[in-house]
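Below is one structure; the comments refer to it alone.
We just call them A, B, C, D and E in the order they show up, numbering each chain from 1.
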Amino acid sequence: MTLLGFLVATALFVVQARNLFVSVILMGLFSLLVAGLFMVLDAVDVAFTEAAVGAGISTVLFLGTIALVAPKERPVAPRSRRQLLPFLVVGATFALLIFGTLDMPLYGDPNAPIHVYVAPRYLEQSATEIGIPNVVTSVLASYRGYDTLGEITVIFTAALGVMMLIGRGRKFPRRRRETDEA
Amino acid sequence: MAMNQHAVLRVVTKLLMPCILLFALYVQFHGEFGPGGGFQAGVIFGVGFVLYALIFGVGAARRVAPPGVLRGVLAGGVLLFTGVGIAGVLRGGSFLNYSVLSKDPLLGQEMGILLIEFGVGTTVAAAVITLFLIFAGQEQKE
Amino acid sequence: MSFPGLINYWAVAALMMIGFYAVIAHGNLVKKVIGLNIFQAAMFIFYISMAKVRGGTAPILDDDLSVFSNPLPHVLILTAIVVGVATTALGLSLIVRIRDAYGSVEDEEIRAIEAASD
Amino acid sequence: MINSQLPILQVMVPLLAASLCAILPFRRLTWLIALAASLAALAISLNLLVLVLNDGPISYALGDWAAPWGIEYRVDALSAFVLVLVSALGSIIMVFAPTSLAREIDADRVFLFHAMYLLNLAGLLGMAVTGDVFNLFVFLEISSLSSYVMIGLGRDRRALTAAFQYLIMGTVGATFYVIGVGMMYMMTGTLNMADLGTRLPEVAATRTVIAAMAFIVVGLGLKLAIVPLHFWLPNAYAYAPTVVSAFLAATATKVALYALLRIVFTVFGGPAMIGLPVDQILLVLAIVAMFGASAVAIYQTDAKRLLAYSSLAQIGYMVLGISFLSATGLTATIIHLFNHALMKGALFLALGCIYLRLGSVQIEKMAGLGRRMPWTMGAFVVGGLSLIGIPLTVGFISKWYLIQAALERGWWLVAALILLSSLLAVIYVWRVVEVAYFQAPSDDMLQLREAPAVMVVPVWVLAGANVYFGVNPQQTIRAAQSAAAALLGGGG
Amino acid sequence: MSPETAIIAALAVPALGALLIGLAGRVPNLREAITLTTAAALLAIVISLVLAWFDGARPDVTLLEMIPGLSLRFTAEPLGLLFALVASSLWIVNSIYSIGYMRGNAEHNQTRYYIFFALALTSTMGVALAGNMLTLFVFYELLTLSTYPLVAHHGTPKAVRSARTYMGVLMATSIGLLLFGMIWTWQAAGTLTFTPGGVFEGKIYQPLTGILLALFVFGIGKAALMPVHRWLPAAMVAPTPVSALLHAVAVVKAGVFAVVKVIVYIFGVEHLRTVINFDWLSIVAGFTIVAASVVALRQDNLKRRLAYSTVSQLSYVVLAAAILVPISVAGAALHIAAHAVSKITLFFAAGSIYTAAHKTEISQLDGIGKRMPWTMVAFGIGALSIIGLPPTIGFTSKWLILQGAFEAQNSVAIGVIILSTLLNAAYFLPIIYVAFFRSESGEAAPHGEAPWPMVLALTATAGLTVVLFFAPGWPLALAQELAGIVR
């Protein structure tokens, strides 16, 4: 689980880096680490996806964006009141999360509810019901195929949305200059 | 994008492109056995295209994949997926019941999965290309 | 007794909070989206960790193996990853537009511009 | 056969239509498609409501995989009711849309807008019809992403920041929701709502489940804009194109509320089961919303913002109904959910007409509008009266049930507060009315004409609905009562 | 026409009139003709209803069920019929007067004025004929809404501000208190139907009755019990015919009517007699009577003085009902009619003075009686009636109330009535005195009587005030019927 510790450290760096470029590159690294972790946790499909998406697409998108906008972050204003509230919110959420974990089944416990209910059927029956060995695929595409339909609808929505917002031929004048002078 | 002057890059890319696309197809159709599937394949396919755009310029890439076509492909994936679902309905099952697609339920399942994964791949590839072209296209304006 | 088995959940929680903090405390819009990504990635890890079965392998059936990790969370997370990247893409395109409109991607500067133009 | 397929068609019709709209770059054609799809969705949902009220809940297994393994669609009285609400408003607003959009959105984007609109509709309908907690998340995201985009299309640049803020808050909310779902799944091994409802009681006392509930309530609360989580809403509603404001105000928060009800009651079997004072927290938040948001609304100079804050207050009423934890309280919530959609739909659409002609919805610029645009302002007044809760409008029915629920619990003070807060509504509605009717119009307003009939008619359909269902509310009440009963009865 | 149809028609006719007035807005003569026809038709309908009632018909119309178990329901009973009769007959007179006033002063937005006037009458009919509390509440609110544009008619900042007060107080009380009380009642008694003898018998914890009653009495802001009387003087910015018919007759009478109705048909007189801590209502009403009279004394603006006089007179009705003996309840009912005819006369006179002489303050009225004899004689008759002197109907109603007070040995009521009679005299007689016996101050422009429709109208109401003394006819008969129900 050193990997997790490493992840936390990377995440801290990502958040702290003032240079957005550095931040984004580290973010790519972070995604790769996450993908690695997923491999360790037997989630090969997820690892594959995370590597492709997190380290690949997201990074490209981020780079594209910071190339267009300022590459540096302004230092967070040291106003105590603005800093206090986020800390409180985060602290409360954290406490709730930890509180929530206390009654969780232990990590890797084969008798955890999720391993004894519903899921076994996938592992046991999918060979006869669907006939393909990759259970992730059979769940993804058949048992819960509808989620996947939703998923590509999400992509579809996002792609159309980006087209609408910043696609070519948009007629919004560049208002930056006006406001700078005004 | 000045890279389209480099002859070496151009040639390498031309050689690489089929490999990438082939790999994408492999991932696409091998998903039942190993890791992978429509989504990953779509991403790879898209990335292959991104490479093409990087080397030959966004303008050239956009000529290959104009927005109208991209929108068509994007929607096509969704339509294919829903189409498979509705085919299930028409053959007397529920939405997305693939078993009824063929006389042999197992075969039906495989057919269904293959088709919808292809739908997923199509949409995802188109989405990746769209996103890239748009974000890269912004840069040119600046 | 139970504590050692929960440590990784705690690490996940910590990771989540790093991202969450970036979302709400940082004024830079790009940083907010980065934070959002970390937050979500931590949530992915949480799901995948719960799917793990000690001694199990990836849920690709093979006659030699008998213990597999739970495939369901994997599927859910595949979906969630995709949703995440879709959100990121939209968020970033909004940032580009905001930059066009305001000339800044800093929360406070935008507010100042807003206040000045009112 | 077609009857048995209705649940899936409910979502697939708008989804397919959306794909078509994306392909066809023609404004009128896509509008026709969108309109046809919305109307078809309305027909389907009405059919479903009748079926459900007559024969009880309908279950539909997607891919024919039985419930805990596959995804289940489940339509009961409550979800059918929400479906009708969403698709009805979706249709009416679509009739209204073209003229309004022509003024507020670039012409070459309109066909994509139709696609977005339909995607949003599909997402909302999907949320209402699904019986699977994770599937709910997926459809939540479909509707959210499309609404971010639609808000971002607003003419004012502040629409962009509003959309971004909403995106951040919405995503945080969705992630919270997923975390909560993960915890529930961890303790039970299932994602099906009904199944969760039966399996959760065994592990109810665990801290994990308590945390899960907290995360889900907060996550959906963000979407719903319960008061401390509301910051995204006023700007989003104020700067989005009017059609979008109307649609979101009338439907999106309602569906989020539906999701909250569904999770809290069907899945958790009511807040009491967990042993958290959720009801009391909700009570306090609701009252804060009712007064705080109304008070802020009074000071707005922009009519759209005014309505946005008023929405927050109205959401407070709905949450208040939940906090009573009684059949009457839930009935009140559900009735108000429906009624508020009618009011806000009418009000925002009326503002759309005003924006079309006036190019602004600043209250001070609306002086004398009552004479220039009599129909539009007439509808606005009807909607406003309904918001106040004047008898013969739907608002009165809502209030009646809400107060009754309070009195049933013996909470006199709360009942009095409900009434007091509706007096604040009198103030903010009346500010607009006074300006529009009793101030002399400025000179450049003299050429103003009434908005075209394609806009005024939908506005009046909604305004008329405010009166019709206010005078004749039996159907609403009956549907709401059976929905509330279904919620309290567990699995439903 | 069957009595059921008549009830529906009483609601529908003025509403239809409003519609037609709106359509005929471009043609003033047609518009006014419609107003008059509608008013006449309404009176005929109400009369037919009264006749039917005396013949033993007890119509009961249920329109639609608004909330399960609660419908929009209309019935005819003596008190409501009396109110409807007063309102509809005075509407005719008032319409004639309005025509003179609005044209004489060249008011703007006349069409809107007539439309909302007709709508206000619809609402008044709804209040009068309501068969349960919900229906009464519905039309009570509609009355507020339909009179709001009339108060704000001028559109000046002052008018808008006053209209805001008007709306604010009436809405706040009705939504904040009345609705609350109503829903509470529904919760406790399970019904809101007006039932002789009340609905609470044994259903509510005694001390709560007092609180509930307070919710009703103060919630009905239109009854202008202090401290919720402020809207009434504010409403005086409206054109005078509005003040005359609505704020002397329809609106305020709807208020006291509702109070009496609640006392008689929701709480039940007999039931209230058993409530120990009930005296406060007499005290509040008594205080309002005296205090408002004192305030009236100090007003120089004629309409404001009349307004405070109205506040005071309204509480007579409340006080009379609170005495809780049949004869005083009859007095309360009759006083509704008596005050209506007398106060409308006074307002008509004030409007005439404004139209003819453009004078609004009492101190400007020196010698005006010589120029406007008809007006000022009518004013005098109205004043006599308010003070309670014969030969006017005001005497009759006051007499009944006083009789009731003696019967109940309610010393507070007796004292208040005597004291206020003196005060009434103190604020009216000086006006009559200066009008007839002071000589005109120099600078005033010469003027004569107001336009003839106005003079006609105010003569008619003044005449009615006297005629009713000699032949009280239906009003008294209906009031006595009510007393019979109370017993």
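Keep in mind that, in the parts below, a contact is a pair of C-beta atoms (placed from the backbone, for glycine too) under 8 Å apart; a residue touches a chain by one contact, two chains touch by 3 or more.
It should be emphasised that the depicted structure is a prediction, and the values quoted were computed from it without experimental measurement.
Tell me which chains count as touching both subunit C and subunit E.
D
Please indicate which chain is farthest from subunit E, where distance is taken between mean Cα coordinates of the chains.
B
Have a look at A-B versus B-D and report the one with more C-beta pairs in contact.
A-B
Measuring from CA centroids, which chain ends up nearest the centre of the complete protein set?
D
Let me have the rounded angstrom distance from the C-alpha centre of subunit C over to the C-alpha centre of subunit D, please.
That pair's centroid distance is 28 Å.
If you average the CA atoms of subunit D and of subunit E, how many Å lie between those two points?
One centre to the other, that is 44 Å.
Using Cα averages as centroids, what's the distance between subunit B and subunit C in whole Å?
Going by mean C-alpha positions, subunit B sits 25 Å from subunit C.
Compute the distance, rounded to whole Å, between the mean C-alpha positions of subunit B and subunit E.
Taking the average C-alpha coordinate of subunit B and of subunit E, the gap between them is 79 Å.
Can you list every residue of subunit A that touches 2 or more other chains, as numbers and ranges?
In subunit A, residues 44-45, 49, 53, 57, 61, 64-65, 68, 97, 101-102, 104-105, 112, 114-115, 118-119, 122, 133-134, 136, 140, 142, 144-148, 150-163, 165-166, 175 touch at least two other chains, as defined above.
Touching at least two other chains at once: which residues of subunit E meet that condition?
none
If I count partner chains per residue in subunit D, which residues reach a count of at least 2?
Residues 15, 19, 22, 62-63, 134, 138, 141, 145, 148-149, 152, 157, 179, 185-186, 191.
Would you mind giving me the full set of chain pairs in touch?
Touching chain pairs, listed by label, are A-B, A-C, A-D, B-C, B-D, C-D, D-E.
Give the list of subunit B residues in touch with subunit D in this complex.
Answer in residue numbers: 68, 71-72, 74-75, 78-79, 82, 85-86, 88-89, 93-99.
For subunit C, which residues are in contact with subunit A within the complex?
On the subunit C side, the touching residues are 2, 5-22, 24-28, 30-31, 33-35, 37-38, 41, 44-45, 48-62, 67-79, 81-90, 92-97, 99-106, 108-109, 113, 117.
Quick one: which bits of subunit B touch subunit A in the complex? Just the residue numbers, please.
Touch list, subunit B to subunit A: 31-37, 39-40, 43-44, 46-47, 50, 67, 70-71, 74-75, 77-78, 81-82, 85, 95-96, 98, 105-106, 109-110, 112-113, 116-117, 119-120, 123-124, 126-128, 130-132, 134-139, 142.
Can you list the residues on subunit C that touch subunit B in the complex?
The contact residues of subunit C facing subunit B are 58, 60, 78, 82, 89, 92-93, 96.
Can you name the residues of subunit A that touch subunit B in the complex?
Of all residues in subunit A, those touching subunit B are 44-45, 47-49, 52-53, 56-57, 60-61, 64-65, 67-68, 128-134, 136-138, 140-142, 145-146, 148-149, 151-153, 155-156, 158-160, 162-163, 166-168.
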